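The following blocks contain the structures, represented as structure tokens.
Each of the next two complexes has chain A plus one more chain, namely chain B in the first and chain C in the second.
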Partner chain A sequence: MIKIENLSVAFDGTEVVKKLSLTIADGEIVGVVGESGSGKSVTALTMMGLVSEEATITSGKIWYDDTLLLEAGKPRDKALYRSFQGSKMSMIFQEPMTSLNPTKRVGNQVEEMLKLHTTDLTAKQMKEKVLEAFLSVGLKDAERVYECYPHQLSGGMRQRVMIAMAIILHPGLVVADEPTTALDVSVQSQIIRLLRKINKEQKNSMLFITHDLNLAKRLCNRVVVMKDGNVVESGTVNEIFDHPKEEYTRKLIEAVPSREKKMQRFSMNVGDIQNANGQNMPLQRPDILEVKDLNVSYMDGSNSLFSSKKKKQVVTGATFTMKQGEILGLVGESGCGKTTLSKAILGMNKDVEGSIIHHSNQPQMIFQDPYSSLNPAKTIGWLLQEPLRAAGLRDKQFEMTKADREAAAFDMLHKVGLSDKYFYRKSSQLSGGQRQRISIAQALITRPGLVIADEPVSALDVTIQAQIMELMRKLQEEMKLSFLFISHDINVIYQMSDRIMVMKEGRIVEIGETQEIFDNPKEAYTKQLLAEV
Partner chain B sequence: MKYILKKIATLIMTLFLVSVAAFVAFQIIPGDVVTSILGTEATEEREEQLREELGLNDPPVTRYINWVGDVVKGDLGESYRFSKNMNEMMPVKELIGDKLPVTLWLAAIAVVLIIVISIPLGVFWAKSKSKVLDAVMGVLTQTAMAIPSFFLGILVTYLFGIVFKWFTPGGYVSYQENFWGFMGYLFFPALSVAIPKIAMTARFLRNSMITEMKGDYVRTAYSKGCNDRRVMYLHVLRNAMMPVITFLGMIIAEIVAGSIVVEQVFGLPGIGRLLISSISTRDFPVVQILILYITFVVIFVYFLVDILYRVIDPRISNK
Partner chain C sequence: MKKVFGRLKQNKYLLAGVIMTGIAVLLALVSIFWTPYSTTAMSAAEKFDAPSFRHLFGTDNFGRDIFSRVMKGMGTTILISTLVVLLAGAAGILIGALTGYFGGIVDEIVMRITDAINGFPSILLALVVITLMGSGRQNLIISLAIVFTPSFVRIVRSEFIRLRDADYILRARLMGVGKLRILFVHILPNIFSTFWVSVMIGFNNAILAESGMSYLGIGVQPPDATLGMMLSDAQGYLTTAPWYALAPGLSIVWLVLGFSLLSEGIRRQA
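Our next item is the complex of A and B:
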């Protein structure tokens, strides 16, 4: 059906895809997995004829059935491609919000497919077909959705619209580039199920690109593992996941946080006394944080002279305590109030009712995106010292000399596993993983008792993710830290936390020991959350 | 709807503030109306008599209220300087009446020219991949932006009036006599007003489009099989117009307020000339009304821009 032969794609003379060969049979779902920079997206975009003009095809050919779509050395035949794009091959992208035109109704956007590739339909028939497509992807209120603009739909609905658009002409090939990465876990599963259903009904081939091995395992027939533009290994799902031949594949699979092999955690056991039966008796630990009946709200509405502001309550009646040296995992879908709660604990949101009692000095925060949360204009050394300077300005007792500050910064740099030379670099010279190490160092340099980590590994590749989680655990033990660890990934939470707190729509629905929650979830919502993965 | 009412309330508030400012300003600035009307030779009794006639002896607040009251009723007052006949002074309404259309039409033609030329030009520029064309456009627009419109006016007069003889420099027909002839005479002045703005708008639109073309939705459009043209006009343009519309609003406001110089260059009897002469002769009733008029037009244009913004971008009205 699709045959890619010896494909090489270069940007500015650097090859990002190297002599790649790939075939997709009729009705088959092929997964391409790999970390960022492995060339998986460039491969898909090249195949779709969407790769940017700066890219040069240095070798290879791409066939669709018997049609030669692309050949190295020849200019891209745009007209030929246009007759395939949409009708015979279509694509679903990662970010449904930005991938849909924000100023056009989604119905019209889907309809455009019909306008471009069919000639015999009346306006009324087109609309009917669009509504049909909406229903087939599970958009029940099709009439209303038709009239909506992208921003009026939820993330999952937007992605369904994208899928409806991709399949409305029953193309032979659907390329899905990280279609669930931007979505919540529960929505993620629905989308995966939907893709499988479409594959079954329409018998189209699919190319599924993902960094998430679990997803590839659930959806695909065959998997291709890519690294640095090369195919490392390919085979059926069973071959790849159960009997990986290559070292890299094995490493990748091991790095995925799972529920089977919980990494050994010592911290809670340190100092625990074993009772006569050999069971651990937990030592009484002092509380580090007490939150009681906490309501958090923020002001909604425009800054207008005439309309009064509305208060929107985001967190309702949150009550929990955290012990010293504990990692408390906080899970919930986007919009459930996780971040609002953590900001309230940090004192960044003033509109709170109830009480928050800290038994530690200034808590610190680690953010999700290490790219945007580090000031690009400053050196790493300066960034690391900044919290110390700020503390000194706030309170005379924390004042330090320049030499002491620098020593502390170097010390912290070593603690997070980076060498001295990074002290003089700027964040733009670092990789994502290194940046997140710096973020962690920045949060820990003032030696806070409590650290809030808001999705600290979500933006990272799996292998890096595993390293950062390892690092956080190590530091937690060394420095006797308490972590409030926020994540939407239930498996990451499982690996990291001593206890788990589940939030839904601003309320804490369940809180308990990690193993206990996983083995015997009490709330329906928790069960649903656990079942998704 | 509620939004429009709010906007109208804001508009009224602004007009009120400007009217107060215009009124107060002419109380403060030096120069006496009576002296400027009668000359320095007049007797004191005559001056006092005129002062009484014009109501200048009333306290300022009373005068302001009287003035605003009259304006609201549609009585714009009478000029201090122009007389209708031996016994009556010229009402401001009549004075402005036949000059306003000249200025408004001049602005309108300029705006149409700007929109009609700059948008395709900007799209074409953004679409082109030729480096040569890019450089040429860069130099051309930069030059057009840098030339002041009065000088452009002179160039246009020379080129189209004297070399090509497409119009008679300094000539003018009233719109009541011959509407299309009138439009013909306004075309070249409007062109000189428009050229620098066309260059600015095209440049701005081009940059905005180039930014938008990096958007994910553009890639989606291509993945559906849209050709370049369709992607540009049906997908990118509307999104790229958002900042351009604000910019156009500012430009239009500027044209309406700033056509004075061009009117002088082309000898058009618009309000520009009237405004200048009225200020120098302290003909306050005329100046105040002109200030209010300009303010009104500017705010009204911004109001339209706001509405247009909402029409183009559904995200705004739903926030």
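Our next item is the complex of A and C:
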């Protein structure tokens, strides 16, 4: 069906894809997994003829059935590609918001595909075909969706529209580049099921690109593991996941958080009294945070002078306590109020009712995006010292000499596993994982009792993710920290947390010991969340 | 040093800009200590001499050496424009930072005032200020600075609004960093590249505005030489002594073009 031979793609003389060979048989779903920078997207874009003009194909050929689509050294045949794009091969992108034109009704956008590639359809037939496609991707209210603009649809619905657009002409090959990464977990599962169903019904081949090994395992027949532009290993799902041959594949699989691999839990039991049977007695630790009947709302339209201000309630009646030295996992879908709740605890949201009692100093926060949480104008050393300087400026009693501050910064740098040389660098010279380490160091240098970590590993590659989780565990034990650990990934939460708190639509649905929640969830919503993975 | 030359070689905008402004600034600096002839020495015998090796740009209606006067005039123009941009830039940073970061009702009021200032042609507005305060070099600088402040306020404000909710600023707040420190130590360095470009553009506009004001006779007063005033003096002799007008005119073009190229070069470098 599709055959890629010996493909190399270079940007500015650096090869990002190196001698890659890949075949996709009829009706087969092939997964390409790899961490960022492994060349998986460039491969797909090159195949689709969408790679930017700056890329040069230094070697190889791409075949679609018996047609030679691309050959190294020859200019891209744009006309040939255009006759293939959309009708014989199509693509689903990661970000459903930006891949649809916000100024056009989605129905018309899908219809565009028909207008471009068919000649014999009347307007009415076209609309019927679009509605049919909408139904087949599970958009039940097809007539209404047809008339909608992208912003009127949810992320999952937009992605379904994208899929409808990709499959409406029944192409032989569908390339899906991280189609579920921007979606919530429950929606993610639905989309995966949908892709499977389409594959069965339409019998088209799929190339599924993802960084998430779990998804590849669930969807694909065969998997190709890529690293630094090379194919590390390829084989059937069973071969790769059950008997990985290469060291790198093994590392990748091990790094994926899962139920089987709950991290060795050390600190929680430190100081606990064990009874005669060796079981832990109930925790006798002081509370570090008490939240009671907390309502949080924010003002809508408060940035404008004249519009009336509307109050929007985001968190309703939150009540919970955190013990010292505990990791409390907070899980829920986007928009459920996780972040709002955490900002209220930090004191950054003034519109609160109810009480928040801290039994420690100011809590600190670690953000999701490692690229925006460090000031790009400053060196790492400066950033690490700043919390200490700020404390000194605020209160004379915390004032430190320059030498003491530097020593503390170096010490913290070592604690997060980075060497002295990073002290003088700026954050732009660091990788995502290193930046997240610095973020953690900066949050911990003032020794706060409580740290709120808002999706701290979601933006990282799996192997880095595992390292950062390990680091947070280690520091938590060493420094006797309490973490409020927010994540949408129930497996990450399982690995990290002592207790779990489930939120839905601004309310805390369920709270309890991790094992307890996983073994017998009481609420329907929790059950649903657990079933998705 | 090698690195600098490497960059100049690659970035032709920067190279042209550096050379053109370099020559202009050098001439202006030299003119402080030395000019080929005195800028005020008149000579009835040498009225309207065409450009020659003796008088590079020729002489004017009083027989003064135009090259010397252009040198001096360029110095005056560059000095005034620099001071205007410095003053307006500093005011822009202060007002823009406070309004952008804190927002609210003060922000609304300040923004409406800047809208109002922007609504008038800059020369007209400067004229009003001059009439109120009287003419002279100092008042010219102040009035132009007032006219130029709003554009800086806008740019600084929008950058502060963009950055005030950045994750790293939220974190700085959590760490208990004081408000002023956040404004000027944490945010300010990050807006530098954007601000620098607007300073360059502002500088060009200031050169044009100063020349325009002097041309209208409300800027620097004679016998001090400025490019705009020379242009206005030369007006009557456009047909008989075209070099008299060409010299200051082309100098203004040279300065503005040089700075445009320089700022474009810097922008591309960033």
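In this text, the second predicted complex is superposed on the first by the 524 of 533 C-alpha atoms of A that agree within 3 Å, B and C clash if a C-alpha of one lies under 4 Å from a C-alpha of the other, contacts with A are read in each partner's own complex, and residues count from 1 in each chain.
Throughout what follows, a residue touches a chain if its C-beta (ideal position, glycine included) is under 8 Å from a C-beta of that chain, and two chains touch if they have at least 3 such contacts.
Source: prediction; values computed, not measured.
Asker: Which partner reaches more residues of chain A, chain B or chain C?
Answerer: Between chain B and chain C, the winner on chain A residue contacts is B.
Asker: Look at A:D228 in the shared chain and tell me whether it touches chain B only, chain C only, both, or neither; answer first, second, both or neither.
Answerer: neither
Asker: I'd like to know which partner A:A390 touches here: chain B for first, chain C for second, both or neither.
Answerer: second
Asker: By the touch definition at the top of the document, which applies to A:L374: first (chain B), second (chain C), both, or neither?
Answerer: Only chain C; A:L374 stays clear of chain B.
Asker: Looking at A:M348, would you say it contacts chain B, chain C, both, or neither? Reply first, second, both or neither.
Answerer: Second partner only, chain C.
Asker: Under the stated touch criterion, which partner chain does A:A443 make contact with: chain B (first), chain C (second), both, or neither?
Answerer: Only chain C is touched by A:A443; chain B is not.
Asker: Just which bits of chain A does chain B share with chain C as contact spots?
Answerer: 305
Asker: What residues of chain B sit close enough to touch chain A in their complex?
Answerer: Chain B residues touching chain A: 6, 9, 129, 215-217, 219-227, 234-235, 238-239, 312-315, 318-319.
Asker: Per the contact definition, I'd like the list of chain C residues that touch chain A in the complex.
Answerer: Residues 103, 105, 108, 166-178, 181, 186, 189-190, 192.
Asker: Over in the complex, which chain A residues touch chain C? Could you list them?
Answerer: Result: residues 303, 305, 346, 348, 362-365, 367, 369, 372-378, 386-387, 390-391, 393-394, 439, 442-443, 446 of chain A touch chain C.
Asker: Can you list the residues on chain A that touch chain B in the complex?
Answerer: Answer in residue numbers: 48-50, 53, 78, 81-87, 90-91, 93, 95, 98-104, 112-113, 116-117, 149, 151-152, 162, 165, 302, 304-306.
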